[in-house]
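Both of the next two complexes hold subunit A, though its partner changes from subunit B to subunit C.
Right after this comes the complex of A and B.
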C-alpha cells in the first residue's frame, strides 16, 4: 500500500501546472505564488518520510504499478519504483526544487502576474517531469519525464519573450537535446525489443544478455542521449546560451534536473555501460574531456552565469568519468552534492547581481560582498564546494571519491585521473573568481542592501548542505551498492594540493593585472572554442541551404506549398516533408500526365456534345406550323410512293 | 396516251395543286379549300380507275371520299370559325398545341 504513495509524488506539481496553465479564471499574485509553492513543496512533504523510512531500512525496494498492457509477448507496464537510485535522486530533486521554488517566489516578485503565472506553471511541470523520470520503473515514464523536461526547458529558457536572444537560446537547447533524445529513444526501443518489457528490472538484464554487437549499439545510443541532455562534448553548446532564462530556471536546470538527468540515466543503466568496456572507456573519456574543456572555458568567462554554466558542464563531466570508471554510486554522490552547491551558487549569484545593479558581469559584482553579506557568504561556501576545498566542503569528498575511483581503475584510469586532477585545479581557479571580485572594495559606496528572508533562507539551508553533505558521500555510495574508493593518502594529498593550487591561481588571476588582462583577451575560449560557430557553418547553414533548395525561393514548390507563412519568412520549411511532397508531385506528373487529357473521355464527351447539338437541330423541325407538317406529310408520302414504285419493278 | 392516263395525270395534278395550296397559303380558309382540291384529285382517280375496269368500287370509294370531305368541311369550318376569332384565321399563328 505504501508503494502507491510513490505515484502521488509527481502529482502535486503536475496539478499545480494544470491549475496555473488551464484555470480560466484570473488569479492574483498571491494565489499564484501560494499555489505554485504548495505544488512545488508537496513532493518533498510526501517523499521525505518515505525516503527516511527507506534509508533507515524500515521499508525495502518497492514498485507501484500504475498501468499494464499486454500485446502478445510484449508487456507495457508503467510503474514507479523506490530503489537506491530513485530514492537518492528523488530526495535531492524534491529538496533542491523546493529551495528553488521558495527563492523564485522572491526573485520573480517583480514580474507581471501573467508572466509569473506562466513561469510557475512551467516550473511545476518541470519538477513533475524530473520526479517522474527519477522515480520511473519503466522506460516509458522515464522517457516521458525526460522529454517533458526538454519541453519545459525550452519554454523557460525563452521565458523572456521580448528577447530574440532568449528565444534563440531556447530553440538551440531544444534542438540540441532533441538530437540526443532521438538516440536515447532508439536505445530504449532496442532494449524494449530485447526484453519484450518496458520495466527497468527486465530491461537491464535483457540488455546484458543481448548479443555483444547489439548491446554495444544500445550502450552507445544511451550514452549519446546522456551526452546531449547533460551538455557534454560535443553537445555542450546549448548550455551557456541557456543562461538567457531567469536565474531560478538556471538554478533548477543546472543542479538537480535536466542537465543532471544525463548522469541519472547513465547511473540507471550503468550495468549496460560497464558491460561493454569500449563504451565505458568512451564515457570516461567524454567525461574527462568535457570536465577539462568546461573548466578551461569557465576561466575565460566574464559573466558569472556563463561561468557557472561552464562549471556545470565540467562537473557533470566528472560524474560521467565516475560512471565510465564503473562507479555509478560515486557519480550519484557527486550528483547530490553538485545539486546542492550548484543551485546555491546560481541563486546566490542572482542575489549578488541584483545587489550589483542587475548585471551578471563578474566585474559588476565588485563590492557586493558588503551590500549583500549573507548571500555572499553562502556563495563563498558554494564556490568552495565547487572547487573542492579540502576537508571542509562537501564537494571535496565527492570529487575525491571520483578521483579515487579513477586511480583504482588501472593505468588507463590513472591517466584520466591526471587529466581530471588538472581539471580540478582549474575548477579552483574559476570558482573563486566571482568571490574575490565581490570582495574587492566597491568603486563607490553602496548602501547596505536588504536581503529578503524568502530568498536567503534557501541559500542558508543549501550552504549548510554544501558543508555537511560530505557526510552523505559514503552512505550514498554504499546505498548504491558500491564501495568508497580508498586511493591512499598520497592521492588525497594530490587532490588537496590541486584544490589549493586552484585557490592560489584564482587569487593570481584576479589581482595580477597582466593575468587578468590575459583572461579578458581570451575571446576564443570565452566563446567555448567557437564550437557554436563551427556547428553553424558546417551543420546549420548547409541544412538551411538544402531546406531552401527544397522548399524555397527558386520556386520549385512555390505554387504548391510555399505560400504559407514559412515561405514569407524566407522559404524555410521542413526539408524531409518537402522532399516527400516533391516526390509525390513528380510521381503524379510522370504517371498521370500521359492520360491528361483522357482521350476516351474526350471522345465520349464529344459524342455527348454532338447529341445535344443534334437535339437542338431536330427541335427546329417541330415548328408547330400546320403548313410545315403538311409539307412533311407530303414528302413522306412521296418517299413512300417512290419506294412502292421501286418495289414493283421486280 | 389513254384516257385513263390522262385522267390519272389530271388527278395527280389536282392533288399536287391542292398540296401546294395547303403548304403555301397561310390563311386557314384557303387551306381548307386547297384540302378540298386535294381530296378531289384521288376522288377523280378512283372514278377513272372504276370506269376503266368497269367496276362499281371506284364509285363507292368516291362516295366515301365525298362523305369524308363533307365531315372534314363541317369540322374544318367549325375550327376555322373558332380560330378566326382567336387569331384572325392565320394558321401560322396557331403553333401551340393548347388553345
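Right after this comes the complex of A and C.
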C-alpha cells in the first residue's frame, strides 16, 4: 500500500498547475502564492517519510503500477518505482524545488498577478515533470516527464513575453533540446522493441542482451539525449542564453532538474553505457571536455548568471565523466551536492544583484557584501563548494570521488583525471570572482537593498547542506551499489592543491589590473568560443535559406498571382505543389488542343442554337437563388435514395 | 437501420434546416445542433448495442440488384470513432459560426450535408456507393469555400473542386473495372476482396484508389489545393476540411488497400513510405516559411497526414495503430487550431503573423487554449498526437530505420514552426490589430475545451482508443499476412 504513496508525489504540483493555469476562481496574488507554494512543497512532505523509511531500510525497493495499456502481446505498464536512484533523485528534487519555490515567492512578488499565475503554474508543472521522470519505472512516464520539462523550460525561459530576446532564448533551448530528445526517443523505442516491454527493469537487461551493434546504437542515442538536455558539448549553446529567464527559473533548471536530468538519465541507463566500452569512453571524453570548456568560458564571463550557467555546464561534465568511468553512484553523489550549491548560488546571486541595483554584471556587485551580508555569506559557502574548497565544503568530497574514480579506471582514466584536475583548478578561478568582487568597495554610490527572510531562509538551509553534504557523499555511493574510490593520499593532495591554486588564481585575476583587463578582452571565450555563431552560420542560416526559397519568400520561385500576405511577400512558393498544378494545366491544354480549331463547330453551333431556344424556356427554372438550386438538387437526390430504398423492400 | 440513419439524419436534417429560419431567429442553428446531437445519440446507441465480432453493426440490403449495387454499411470501432468526430465537429461548426448571418440557413444545411456525405464514406462497403459518397462530399465543401470564404475564395474553391474531382476519377475507374470484371456483377468490397487479382493488376487498381485518397489526404505532390482551400475557407470550412475531409482520405487508405489489394500494397508500400517521408519533411519545412497563420497550419496538416500514409504503408501493428491514432488526434488538434485562428481573424481581420502578437496580455483564455494545442502540434507526450507519431516511428523502426529517422526529424522541425506560430501570436507586444482584443466567448471556449479534453484524455489514456481501433487494425493486417505481434 505504501507504494501507492509514490503515485501521489507528482500530483500536487500537477494539480497546482491545473488550478493556476485554468484559474477557475480568478485567484488574487496571495492565494496564487499560497497555492503554488503548497503544491510545490507537498511532494517533499509526501516523499520525505518514504525516503526516510527507504534509507533506513524499513521498506525495500517497490513498484507502484498506475495502469496498463494493452497492445496485443505488448503490455505497456505505467508505474513509478522506489529504488536507490529514484529515492536519491526525488529527495534532492523535492528539497531543492521547495527551497526554490519559497525563494521565488519573494523574488517574484513584484510581478503582475497574471504573470505570477503563469510563472507559478509553469514552475509547478516543471516540478511535476521532473518528479515523474525521476520516479518513473517505465520509459513512457520517463519520457513524458522529460518532455514536460522541455516544454516548461521554453515558457519559463521566455517568461518575459514581450521581449524578443527572451523568446529567442526559449525557442533556442526548446529546439536544441528537442534534437536530443528525438535521439532519446529513438533509443527508448528501440529498447522497447528489444524488450517488448517498457519497464525499466526489463529494458536494461534486454538492452544488454541485444546484439552488439544494436546495443551500441541504443547507447549512443541515450548518450545524445543526455548531452542535449544537460547542455554538454556540442549542445551547450542554449544554456547561457537561457539566462534570459528569471533567477528562480535558473535556480531550478540548473540545480536538480532539467540540466541535471541528463546525468540522471545516464545513471539510470548506466549498465547500457558501460556495456559498450566505446560509448563509455565517449561519455567520459564528452564530460571532461565539457568540464574544461565550461570552466574556461566561465572565467571570461562578466555576467554572474552567465558565469553560473557555464559552471553548470562544466559541473555536469564531471558527472558524465563519473558515469563514463563506470561510477554512476559517484555521479549521483555529485548530482546531489551540485543541486544544493548551484541552486544556492543562483538564488544568492539574485539577491546580491538586486542589492546592487538590478544588474547581473559582476562589476555591479561591488560593495553588495555589506548590504546583503547573509546572502553574501551563503554565496561564499556555495562558491567554496563549487570550487571544491578542501575538506570544509561538500563539493570537495564529491569532486574528489569523481577524480578518484577516474584515477582508478586505468591509464585512460588517469589521462582524463589530469584534464579534470586542470578543470578543477580553473573552477576555483571563476567561482570566487563574484565573491571577491562583492567584497570590494563600491565604485560610485553605495548600493541599497534589503534581504527579506523569505528569500534568505532557503539560502541558509542550502548553505548548511553545501557544507554538511560532504557526509552524504559516501552513503549515496554505497546506496547506489558502488564503492567510494580511494585513490590514495597523493591524489587527494593534488585535488586540494588544484582547489587552492584556483583560489589564488581568482584573487590574482580580480586584483591584478592587467590580468583583470585580460579577462575583459577575452571576447571570444566569453561568447563560448563562438559556437553559437558557427551553428548560426552552418545550420540556422542554411535552413532559413531553404525555408525562404521553398516558401517563395525570396521571390526566386516566380511571382505569386493574386492577393494575400504571400503575394505581398513577393513570391510563389511550394515548388512541388506548383509543379503539379502547372503539369495539370499543361496536360489539359495538350489534351484539348487537337479539338481547338473545331471541325464540328458548325454542326455543334446549329445544335447550340436549338439548345439556346430550349434554354430560354428552362431559364425560368434558374432563379439565380442558390437555395432553390440546392433544394432541387437535394430533392432529386432524396427521391433517388427513396426509390432505391423502395426496391429493397421487394 | 441505425447505420443508415447516420447518413439520412444529417441529410434530411440539412433539408429541414433550410426552412428553419421561417419559424424563428437562429432556428437553423438550433436545428443543426439538434440533428447532429441526434445523430451522435443514435451512433452511441448503435455502438453500445453492437456485436462483439468484427463489426459492431452491419447492414446489407439490395439496392439495384441488376447492377449489383447494394446498401452495404458496416461499422467497427474505427468507423464509429470517425462518425463520432464528424457529429462533434458538426456541432462545433455551429457554435463557432454563430456570427455568420449571410445565407445562414443554406450555410448550416451545407454543414449537415458535408457530415452526411462524410458519414457515408465512413460506412459504405459497397464500392460504388462509397465512390458516390466520395464524390458527393466535394460539393458541399466546394459551396462552403466558394460562398462563405475569404478573399480569393472562387480560386480556392475551383482548385479544391478540380483536384478532388479529377482524383476521384481514379477511384471511380478502378471501382467500375472491378465491378464489371467480377464473375457476377457486384461492388461488394468483401466479395471483391476474394477476387484474386494478380499483383500487377492489384497495383494498377491500388494506384487508382490511392490517387483519390492521397489527394484528399493530401500528400505532396498532390497537396496544392489544401493551403488555398484552408486559407480561403470560413472557419467552419477549415474545421470540416481538416477534421473530416482529410480524414476520409486517411480512412480510405486505412480501410481499402489492405482489404482489396494486399499484395499490391506490399509491392508499393516502400514507395508509399518514401512519399510519406518526403511529405513529412516537405510539409514541415514549408510550414516554417509561412506568414499566413492558416497556411502554416495547412502545411503542418500535410506533414501530419504524411505520417498517416507512412503508418498505413508500414504494414506492421504499431505503424497502423499509430496511423489510426494520428488520424483522430489530428482531427481534434487541427480543428482546434483553425477554430482559434478563425476567432483571431474574426476579431482582427488578419491572419498575417507579422501583424499579430501580444495576445497573452489582452486575451489570456485565448493564449492558454493556444498553448495547449501548440503542445499538441509539436507532439508533446501526453497528447494523442505524440502517441500517434511515436507508434508510427516504432513501426518504422521495425520496417526501415531510415524512415524512422526522417519521422524523428519532423519532431524537431515541428518545434520550429510551432514556436514560430505561438511566438508571433501570443508572445510579443500587442500591435495595433491586437491591442483591443475580445477574449474567447463561451461559445468558442466550450468547443475548445471539448477538443482539448479529447486530445489530452486520449493522449494519457490511449487504452480506449486503441481498443476501438483494434479490430480494424487486425483486419487490415490479416490480408498482409502479418498477425498481431
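The definition used in the following text is that the second predicted complex is superposed on the first by the 548 of 650 C-alpha atoms of A that agree within 3 Å, B and C clash if a C-alpha of one lies under 4 Å from a C-alpha of the other, contacts with A are read in each partner's own complex, and residues count from 1 in each chain.
FYI, contacts are C-beta pairs under 8 Å (C-beta built on N, C-alpha and C of every residue); 3 or more make two chains touch, one makes a residue touch a chain.
Predicted model only: the values in this text are computed from it and were never measured.
By the touch criterion defined above, A:151 reaches subunit C but does not reach subunit B.
Residue contacts after overlaying the shared chain place A:627 against subunit B and subunit C alike.
With both complexes placed on chain A, subunit A has more residues touched by C than by the other of subunit B and subunit C. In the superposition on chain A, contact of A:535 is made with neither subunit B nor subunit C.
Touch criterion met: A:164 reaches subunit C, while subunit B stays clear of it.
Contacts of A:576 after superposition on the shared chain: subunit C is touched, whereas subunit B is not. Residue overlap on subunit A between the subunit B contacts of one complex and the subunit C contacts of the other covers 626-627, 630-631, 634. Within the complex, the subunit A residues that touch subunit B are 623-627, 630-631, 634. Of all residues in subunit C, only 8, 11-12, 14-15, 18, 61-65, 71, 103, 105-106, 109-110, 113, 143, 147, 151-152, 155, 159, 162, 166, 220-224, 227, 231, 282, 285-286, 288-292, 295, 317-318, 321, 351-352, 354, 358, 360-361, 364, 368, 371, 375, 378, 380-382, 390, 393-394, 397-398, 404-405, 408-409, 411-412, 415-416, 419-420, 423, 426-429, 461-463, 466-467, 484-485 touch subunit A in the complex they form.
Chain contact summary for the complex, subunit A toward subunit C: residues 21-22, 67, 69-74, 114, 118, 140, 143-144, 147-148, 151, 154-155, 158, 161-162, 164, 167, 170-171, 174-175, 178-179, 181-183, 185-186, 189-190, 192-193, 196, 546-548, 550-553, 562-566, 569, 573-574, 576-581, 584, 626-627, 630-631, 634-635, 638, 641, 644-645, 647-648.
Across the complex, subunit B meets subunit A through its residues 19, 22-26, 31, 91-92, 94-97.
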